[in-house]
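Structure, as structure tokens:
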Amino acid sequence: MDFSDIILVLDSSVRLAVPLLFAALAGLYSERSGVVDIGLEGKLLGAAFAAAAAAAVTGSAWIGLGAGIVVSISMAMIHAFASVNMRGNQIISGVALNFLALGVTVVLAEAWFRRGGNTPNLSGDQRFGSIDLPFAAEAQANIPFVGEIYAQLISGHNILVYLAFLAVPITAYVMFHTRFGLRVRAVGENPTALDTAGMSVGWLRYQAIFVTGILCGAGGAYLSTAQGASFTDNMTAGRGFIALAALIFAKWRPWQAMFTCLLFGFLSAMQIRLQGVEFPLIGEVPVQAIQALPYILTVILLAGFVGRAIPPKSIGQPYVKER
Amino acid sequence: AEPALIYDAAGKFDKSFNEMAFGGAEMYKEATGNEYSELEIQEDSQREQALRRFASRGASPVVVPGFTWAEPLNVVAQEFPDTHFAIIDAVVEQPNVRSVLFKEQEGSFLVGALAAMKSETGTIGYVTAFDFPLLQAFGCGYIQGARAINPDIEVLYNFIGTDFAAFNDVNTAGEVGISQLERGADVIYAAAGAAGEGALQAAADAGKYGIGVDSNQNYLFPGNMLTSMVKRVDVAVSDAFTDEMNGEWTSGVEVLGLAEEGVGAAMDEYNADLITDEMMTKVNELRDQIIAGEIEVHDYRSDNSCPVS
Amino acid sequence: MSARQPLPHWVTAFLMPALNVALAFVIGGLVVLAIGENPLEAVSVLIYGAFGYGEGWGYTLHFATNFMFTGLAVALVFHMGMFNIGVEGQAYVAGLAIMVALAFDQTHWTVVFVTSIITAGVLGAMWALIPAYLQAKRGSHIVITTIMFNFIASSLMSYMLGQVITRPGANAETETIDPVGRLPLLRDIPGLEFFGFSPVNVSIFLAIAAGFFVYWLLWHTKFGYKIRALGHNPNAVRYAGVSAVTVIIITMMISGALAGLVAVNEAVGVQKRLVVGYVNGAGFVGIAVAFMGRSHPIGVALSALLFGALYQGGQELAFEMPSVSRDMVVVIQALVILFTGAMSELFRPALERVFSARSPGAETAKAASESGSG
Amino acid sequence: MSESTDTNGQRPDAAADRPQGREVAIELRGINKSFGPVRANKNIDLKVEKGTVHGIVGENGAGKSTLMSILYGFYTADSGEIFVNGQKVTITDSKHALELGIGMVHQHFMLVEPFTILENIILGAEDSAILETSIARARAELKRLAEDYSLTVDPDAVVGDVSVGQQQRVEILKALYRGADILILDEPTGVLTPAEADHLFRILEQLREQGKTIILITHKLREIMAITDNVSVMRQGEIVSTVRTADTSPDKLAEAMVGRHVLLRVEKDKANPGDIRLEVNNLTVKDDLGVPRVKDVSLTVRAGEIVGIAGVAGNGQSELLEAISGMREPVLGEIKISGNPVTFHGDDGAARLRRAGLAHVPEDRQRLGLVTAFEEWENSILGYQDDDRYGKGLQLDIKAAREEAVRRIEKFDIRPTNPRLKTANFSGGNQQKIVLAREMDRDLEVLIVGQPTRGVDIGAIEFIHNQIIAMRDEGKAILLVSVELDEIRSLSDRILVMFDGHIIAEVAEGEADERTLGLYMAGVNEPAAAE
């Protein structure tokens, strides 16, 4: 692989990382506030459908994005209601929402578009097109390496990709430099402390979960209106769970989450490239071994370098004042 | 007796042969104005139940697309000797069962040839769902066809995933397509159900060519769809329905290849401009040779391996 | 759980769940209504399909058998304070037990039964071993590792079924077990013909036994005591001189073994061969089953039955009401999980007002439920 | 009014009723609070005069914390009225209480451990959406408070890493930062060393001078006598008396609390030590962060003697106990039980030591000694679950375990007496008794005890001390670690002082006057020199 191949693989890594990144950051808000969210998958799927559907009908990717976010937020609010008001089991709530999205999306898609649970193919303004940053071409032509990196890797993605990576510093800032972030982290660690300091545990969790909804919405929209060009039944294919793993891998920290998602994107991109390649000495290995590589390496890295991940102390437990 | 169609676990709208079977049933409905009943099963263990229900309610023929039906059908067919059954993609040795097989490798051979002729880079791609004999048969035929035109053409061969979920993972399919394009492929054959569209989209976005599968997908991206390897499951279904209606039912094994026009390379207004005359003549020539048995297209399924790669 | 007047036991145990299921059906009914079908009819069809006749019962029990195994697997580990998302993969890999079944299918079903129980159990346990070891020794979060191992299992099985144990001419599936060695269906047992053609087979007794085993293990053995102690207070476990490492590894392996038993029922018992993705989500359903069953074997058995009924009844629904697609059935299932599982307390405040109107505790309960929402 | 400690129909707030011109900061009327079946507070009437320190004493579970939590708006009372500075108020939540100038230092601290002290202090009182600005202001404010009350803390230290004493300062600072002028302290000294406690009291006096009102809950009558102006006694959810502190005495209070006469001094006769049971040689232990906590410590404990380890919390006592009890592998040195060296490998060391005849009452019952979610009988076998008498082989003989639990409940007077009850619903004193019963009620060679009476009411303290003496007289070797100097002095036959991981002094019983020990504990090796 020469330099420009590497750039291309990295480019692909970025595209593959984005939905994971949106979902992982989304989960970060919810889980930092002490509410487990294994419903990321469902929210991604719901949003992916809403975005594609709205884009197909209105012809605007932006309206699609809006619709995706709205749907994702509504699902998040159901989770919040179950977790906060009902003090229900957050895992079941997540599982239920995943199933719900799985069913509802297809039912509605079939009812509205009669394309077998899919939306029509999106084109033109119905999709988020790629944006060329200024001087990309010139840079590539004149500056070696850096120019190519700028033109190939940095430039030429769609707006959601840039938003995803923008969400990282924003999240980092919100979490560690604002009142909101301080309180969210506090409620995830010790809700009683927050309560006795005169704040409402429930309200804070609602706010955090609301943000979760927004980010999952963007992630879903990316899948169906930016990276892809239509909604297909169960198109998330487990990305929500990978994102959850990435979040834990990153120990619930934004920058680490970004690197984890990029790493995973990279491994997936390499996996595609290495299928059927003859390796020196080994020769050609079964394609499934290559396909399993990202997951195996994740486990090895986790065991080898990441070590123990300590979750927010109150995570998963409904806040109960009195027994 | 009202005919019945039971879809595979992949679901009625799998952008693949279940959907085509549905199309066939609709064809029958339009042609004859007769109704038919249908069902999507949810769990593998429900196959026998579904078959039995239709049979016991006097439905005939009961058509099931997909090899996964072989085992349960074998059981139920014996319980209802007077009911007619048809299965696609597998053989069930029962007096009241019609087994329809397709020579996907033959159709794939033709589209492979076309791809090789169209390619300027000398590299073409095959994107499929996962390591699965049926899908390998497509790929193996594709390579054979391409090699028949250009012995040292490079064929990139990628799997999207490792199980049925891959048929829906349109985004990964897209990335796979892009990576093949980046590696120089300029024609991509996508045999991956719904996910296939992701790869075809990638080809279209890059101004390169895609080849659809099962149904005629040429309409998807006019100008960028070289052709589609059609597999006439729909014909098989509507034939089964109509034969029964006209009292012309025949049980036994039916193998539909190029000769029977059960498979083929779709030519229509959408890809007319992409297929030059010499390409056309060459393809027809190859088809005749295959039909005449002068070219023997290897079927991956016969020994779970492909002589070329 | 709020400071509450204790409600009568039958209320918490039966009335509340019943109300939740009812609510789920009401909302599900709206979906049905939306497509112009009669909700009441739909519900009655669903219930009839699940419990109305022998074969329906049989299917319900057959699905419940799978969910019992996966539900117990999740529940057991949860008592240790951990979350095994890897049940799906553990069950999938255990499917390889089919090879042993095929090896013995000329002998007698009992031989097939016993040997496949052992191999399936061992395979499932093995697939749980590495995540368990990494959690215990390296602190690698078991949720990540088990998720990853689900994907790895999928690759491994794709390879095995695509290249190694596949039957040529077929499609990524193994040979089929010879009739000689097939597990008896319940209907083959004199007196149980009632179950008609349903696939429910002797494995259901294995599931029941597994339930008793888990109960015995958790509450009547010293090891179970350690599992629960670790789940509640890891520090106390160190103080007590119990090796957390050992407990984690052994418990996870038992969990994996339970998951593996799905192979005995589904692959060996019903499909009589191994096909790609044969677990088909039972592992993930097991998560909901376990938590809805409050991780208690009896609860798990009941919620397994509920899910079995939803699957079978749903199929009946799709069959009897062609316009009700299986995706709508999924929606209804999701609603049931949501209301009976995650919102199980929905009616408590109301019920408390009804059942303890005169007592002072009612007010506390109200205050508490309000304080929850902030 | 001095005899108002008697429990019969005396109007509880009679004392406060007496005219003496002080206006009333807090008045509670007919407060009731039930937790399900438990009636934690039964129509409580209470008046707290402005600018005074008002003490509240009572047994574990008497309802003190609950009453204060109601005043602080954490719980809502089922019925009753609250007046603050004469105004009738309904306190809906803690925010409201804070606005009314009520601050509370909770018995179990309400801190976010991973946060810095500053972050903890501003939490909920941030004055802008951006942290930095709030923090900047807080830093200045904190500096001022620190100077005014000599409450020095390192604002950027992580709360989880600082001593409990420090953590408590943070709690007080939190209240002051929010401008509280009515301050509630729930068992503030339970976790403090004498030095820290004295400092706290100086601060409280200072606050009182500034006209602030203070409510002090404590189990230590000495503290009540030392600082409070008035004192109320609670029993079983009721206030049984309120008196001027000047008019009462520790014995009267104790009697009012427990309802019987309590012996506040420990009575024991001379020890006659036998041969060595516990021997520790050159022990060095590191904590989880790899910091050496115990440095080259050697000590011996003989049969029939109590060796007390005095020292300010955080000088290595905890790690020493963990090492001796097999929970933490030492990096250097050896431990011998009755002459047999202990080997360390794997994470089940504690079990091996138990088999060797060592019993361990841990410092922190809630964190180590109990699984509070378990039923009482289950906790009564914790650590011994593998013993044959709880069943041979895999099976756990529940019947045997429960019978034994019942016996111990009887013998150690644990209340409530139901072994099937969830341990979390026992009061701290009784939880402590559960642990003691488990560890003491068996044949053992060596007993190591950490903070045996932390947060426990005097009735229980008397009982626990007597049990420990009894063990000694049976000829057991006992190692006692406590930050309560009184406790060390009244129980120990020999006293070792631990400072910065070293044993810096050994004092025989009697030779140890409080001042000298205090100096040792402060790290002064030669008290004489320090004159």
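Per-chain numbering from 1; labels A, B, C and D assigned in written order.
Basically, a residue touches a chain if its C-beta (ideal position, glycine included) is under 8 Å from a C-beta of that chain, and two chains touch if they have at least 3 such contacts.
This is a predicted model, so every value here is computed, not measured.
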So if I look at the partners of subunit A and the partners of subunit D, which chains show up in both lists? C
How many angstrom lie between the centres of subunit B and subunit D, each centre taken as the mean Cα position? 76
Just give me the whole-number Å value for how far the CA centre of subunit A lies from that of subunit B. 34
Would you mind pulling out the distance in Å between where the CA atoms of subunit A average out and where those of subunit C do? 28
Got the subunit A residues that touch at least 2 other chains? 110, 117, 200, 238, 288, 291-292, 321-323
Could you list the positions in subunit B whose residues touch two or more of the other chains? 11, 131, 161-162, 165
Where subunit C touches two or more other chains at once, the residues are 3, 151, 155, 158-159, 162-163, 325, 329, 364, 371
Every touching pair of chains is listed here as A-B, A-C, A-D, B-C, C-D
Touching residues of subunit B toward subunit A in the complex: what are they? 11-15, 19, 131, 156-159, 161-162, 165-166, 168-172, 174-176, 178-179, 182-183, 194-195, 197-198, 201, 220
Help me check something: in the complex, which residues belonging to subunit C touch subunit D? 3-6, 220-226, 228-229, 232-233, 235-236, 238-246, 360-361, 363-364, 367, 371
So in the complex, which bits of subunit A are touching subunit B? 5, 8, 12, 15-16, 19, 110, 115-118, 121, 223, 227-230, 232-235, 237-238, 268-269, 272-273, 275-276, 287-288, 291-292
Going by the contact rule set out above, which residues of subunit A touch subunit C in the complex? 38, 78, 81-93, 95-100, 102-104, 106-107, 110-111, 117, 200-204, 206, 238, 241-242, 244-245, 248-249, 286, 288-289, 291-292, 295-296, 298-299, 302-303, 306-309, 318-323
In the complex, subunit C residues that touch subunit B: 55, 59, 62-63, 151, 154-155, 157-159, 162-163, 166, 168-173, 176, 197-199, 266, 270-273, 275-278, 280, 311, 314-315, 318-319, 322, 325-326, 329
